[in-house]
Amino acid sequence: MNEEEIKKTVFQLLKNIAPETDPSLLMPEENIREALNIDSFDALQFIVSLCEKLKVDIPEEDYGKTSNLKSLIGYLIQKTKG
Amino acid sequence: MGTKANSSLDANLGQNLLKQMILIRRFEERAAEEYTKSKIRGFLHLYVGEEAVAVGVVQALNQEDYLLSTYREHGHALARGMNPNVIMAEMYGKQEGCSKGRGGSMHLFDSSLNFFGGNAIVGGHLPLAVGMALASKKQNKKNITSCFFGEGAAAEGEFHESLNLAALWEVPVLFVCENNRYAMGTALKYTHSMEDLEKKGEAYGIRSVAVDGMDLLAVMQAAAEAVEFIRETGKPFFLVCKTYRFRAHSMFDAELYREKSEVEEWKKKDPIPKFKEYLLKENLISQALVDELERDVEQEIENSVAFAENGTWEEASNLTRFVYSELKQP
Amino acid sequence: MIKFLMPNLGADMEDGVLVEWRKQPGDFLQKGDIIADIDTQKGLIEIEVFDEGVLEKILVKEGQKVPVGSVLALINDGKGEEIRESSGDNPTPEVPKILEPQEQAKTKSTEEHRIKISPLARKIAESNGIDLTLLKGTGPEGSIVKEDVEKAISERIANKPVPQPEEKTKEAPEESVNVSRTTSDSIRMAVAAAMSKSNREIPHYFLEKRMDMSKALEWMKESNKTRPVQKRILPVAMLIKAVAKALDEVPDLNATWENGLQRKNEINIGFVVSLRSGGIMVPAILQADSKTVEEIMETLNDLIPRARAFKLRSSELSQSTFTITSIGEGGADKVFGLIYPPQVGIVGFGEISEQPFAEEGMLGIRPVVDVTLSADHRATDGLIGSRFLAALNKHLQNPESL
Amino acid sequence: MTKNVSLTYREALKMAIREALHKDERVFLMGEDVGRYGGAFAVSKGLLQEFGPDRIMDVPLSESGFTGAGIGAALAGMRPIVEVMTVNFSLLAMDQLFNNAATLLHMSGGQLNVPVIIRMGSGIGRQLAAQHSHSWEPFFAHVPGLIVLSVGTHEDARGMLLGALESLDPVILFEYTSMLNLEKEIPEDSGVVDISKSKVRREGTDISLITYGTGVYKCLEAAEALEKEGIKAEVIDLRVLRPLDEATFLASVRKTHRALVVEDAWKSVSISSEIVSRIMEKAFFDLDAPVERLCGVEVPIPYPKHLEDASVPQVSDIVEKVKKMIKP
């Protein structure tokens, strides 16, 4: 999966969780959950849909790496390459 | 009494006619009593005072002739020979009644006596009478159809349509108008521009005669002449009998529309005592025989009430029977 | 002696006023004589007598209104003192209710496999992914009705895991985005009404306790490793189970106040779900005490998205016996809830955060949560409330037994 | 294989009357202008010459009078066919039909049969405006004691009168003036038909089109068009509006699970109101969608052609409605 596809998927899945927002406006280092007002429940939903869509497993320890767009995309590229 | 002495009136016939009138009178009085005790419900229209018309006209008819009446029909039914038991039972609503208790006082039927009802729509049975006479004519039968109605009906459209059709088709109908001067609560002068109702028949070219309905002999004679005319010519006849009802239109009527004095005046012309006096004078009857007739009638009335009291109610599960015919085409 | 009754003179006559007696006691009466004048809605009518005899006694004064059939006077017909009706009476029959003429039995529909189900039941079943073939109908002609489907839904929540289909969430967003303003307005009004009633009628008392979450979080992390991502649990599921077990030990708080304490045998915990468009909904987790933590998590996975998609049914919003509200991260430290009438208590969970925590003389940094209890002072007192918080804390310290 | 013969609806009606007159000498036809004029719509043309004035009777304009006379003649042994020129004039005869014909047997405890046949030209068409375009089948179908038939096809025009002749109860025949000139083929040996059952005029599986009278040919045409779009519509011709043969249309709905009731009469308190109620009562769980109705617009029928056409369901309306019902 290349970066563009991953980014599109991330935005689309974030849109599912927070329909009235526009994830594509997120700044790279901005905290996703705060910006899009996502609680822990919706955050887990997001992680689950990421795992299913990209066919990867994101253990709880890696949650930290998913807090902003830049680190999240990087983490997913690395995860899907390997 | 009748203008000329009626030679054909022998003792037997005279006594029979008197008894018929007394039977009607006592039957109606007993019906009134049972109504006040809620045994008879709904509407009840009594014939008291008009007995001479029913008896006088019906005795001129034969068994094959058809007879149609209105809701004030007990006199015609009794004069026609319907058993008082089945009439009283019908008024009690019992299934032993002549219409299985379904019709009540206003809808007595007996096809064995060619008595085609009790029709409660004013004037509604006049077209039926014309049609029945038409059928007789088409089947070359010699019977005639007689049709009783009040002067109220003479203001209905169906009266005018029927007389015109009967005259046009020359069918054997005897139209008998019992003009008792009041259509329920409205006097004749408030309902008819032409109060001599027989003139309405003449307008359609129908032989029409008016007669004193309180005089049995006069009614008999007029009826005999009318029936004879119809049988000979096949044409209709219009007989207007001027009569008077001594009681209210129906049970619930304060008679605000007429004076008590007028009622008393007409009671002096009561057809029953008048005819009784005539028979006694012509010694066609003895007072002893009159008393005996009264007792016989009293017994018949008691039997009819007992018959009605012991009658039974039709099963509610029978409700829809006879909405349609159960027989197939004969 | 014969009774003379008020006569029935017409189909619609119920009573009459005796205006004037035309005969006096002692007068001889003949059949047909006028005995009195009666006034009716049709006017004055002369009343005739049908029996012969002497007028014995007048029982109704002039001017009196009496119903048809009441005794007006007694007539001595010379046949003995015993008072008789003038003749026998036979009431009209008791007409049995006439049913439709016996229609033939409803002919069976031609295709055998066709399922008989009401349109309403079908709609509910479809929106809840219920397999109709497994249901037995209790409605007319053995048809499946709303009740049958709803029972199936609640049973399914109680015992069978439901796969959370992927496209379910996709469908949800469009739903909530174009929800009309009126729905969130109506929710706002509903919350307003409940909270003002609560504030008006319920004398609240408030308690608070800080609880160490380290053991619970540790247990959660370890057990989540053994689970696929879809089955991963969140701390809130453990908190709910702990509250359920604590309520089991302190039944007075699992009750309602309706002129007196009404204890509830089922422990249905209402969980406050905040809606993205504002407002809250409080679906109930039925029999929370008998559900495992995983099952509670599954119930949340079903209820929360449906709540946010406005797809909850009124029945799911009306069965809770106790309520939990959780403030979540990045906001206030703790939350004091207002009780949902007619319940008698609500627990509030603050944010789980690292705080200094002293235990056995040692000071350390622990993940802790500030737990509050608001309770109805008509129903319970502080002692019971604090015993509840203690039980709650005990269960959180033994996560494996949740 | 019987040969087919092509004839108009009018000719079929006349053949039935002629056959009835020949078959039973108690039969006679009475009505306004049925004799010398040959019938307002030429249905009885030539019958006066063949059967004479005694059996083909012109009557004065006295609907209550001659309808009542017809009922009376039936009471007294005849088998009259009373032509009320159009249903629009039948209001004047309602007292005789509802208070006498429909009532006498039951009220007399089963003594008096009234074997009369009342024929009426009915329905919309030819811009006759409000007082000459009525569809009053629902009035008559409401009255127990009457048998009410709707002559919707040439086969029934040929045979329904003869079926009615075999009944001892009063029969009301609704004939449709707009169909008189319509030519169709029917088997040469057509004759008496049953008058107690509805009929499946066309088999189908996707939807039941339930109709009567002028609706029958319209629904058949619509079904033809729908077939081309892959929708198999079943067409039920009610034929008998009282007493209703519900078994036939219920069986159809149980098969197709959808129903559209089509009639020209005004929608409120109409025949379709009754049909829909019975389907709801007895085939509720066989329905995949609510039963729909296409009926007369509730207005006095206007004179101009385009408005008259807009007042009742047309073939295109039926096709559109069905398509919307099948693929919402």
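Lettered A, B, C and D in written order, each chain numbered from 1.
The rule is simple: contacts are C-beta pairs under 8 Å (C-beta built on N, C-alpha and C of every residue); 3 or more make two chains touch, one makes a residue touch a chain.
Here is each chain with its UniProt name: A = Acyl carrier protein; B = Pyruvate dehydrogenase E1 component subunit alpha; D = Alpha-ketoacid dehydrogenase subunit beta.
Just so it is clear, the model here is predicted, and its values are computed rather than measured.
Asks: Determine which of the two chain pairs, B-C or C-D, is joined by the larger number of C-beta pairs in contact.
Replies: It is B-C, judged by the count of C-beta pairs in contact.
Asks: Averaging only over C-alpha atoms, locate the centres of chain B and chain C and give their separation in whole Å.
Replies: Measuring from centre to centre gives 68 Å for this pair.
Asks: Between chain C and chain D, what is the gap in Å from one C-alpha centre to the other?
Replies: 52
Asks: Please report how many Å separate the Cα centroid of chain A from that of chain C, as a whole number.
Replies: Computed value for the inter-centroid distance: 44 Å.
Asks: Using mean C-alpha positions as chain centres, tell me how far chain A is from chain D in Å, no decimals.
Replies: Distance between chain centres, rounded to whole Å: 72 Å.
Asks: Among the residues of chain A, which are close enough to touch at least two other chains?
Replies: Counting only residues that touch two or more other chains, chain A contributes none.
Asks: Chain C: which residues touch two or more other chains?
Replies: Counting only residues that touch two or more other chains, chain C contributes none.
Asks: Quick one: which chain pairs are touching?
Replies: A-C, B-C, B-D, C-D
Asks: Show me the residue ranges of chain D that touch chain B in the complex, using the header's touch definition.
Replies: Residues of chain D touching chain B: 28, 54, 57, 59-60, 62, 64-78, 80, 95-96, 99-100, 104-113, 144-145, 147, 165-169, 243.
Asks: So in the complex, which bits of chain A are touching chain C?
Replies: 15-20, 33-34, 37, 39-41, 44-45, 47-49, 51-52, 57-60
Asks: So in the complex, which bits of chain B are touching chain D?
Replies: Touch residues, chain B against chain D: 66, 95, 97-103, 107, 109-111, 116-117, 119, 121, 124-136, 138-139, 145, 157-158, 161-162, 164-165, 168-169, 320-329.
Asks: Which residues of chain D touch chain C once you look at their complex with the stated criterion?
Replies: Residues of chain D touching chain C: 247, 250-251, 254-255, 282-287.
Asks: With touch defined as at the start, can you tell me which chain C residues reach chain D in the complex?
Replies: On the chain C side, the touching residues are 103, 106-107, 109-110, 114, 116-119, 141, 143.
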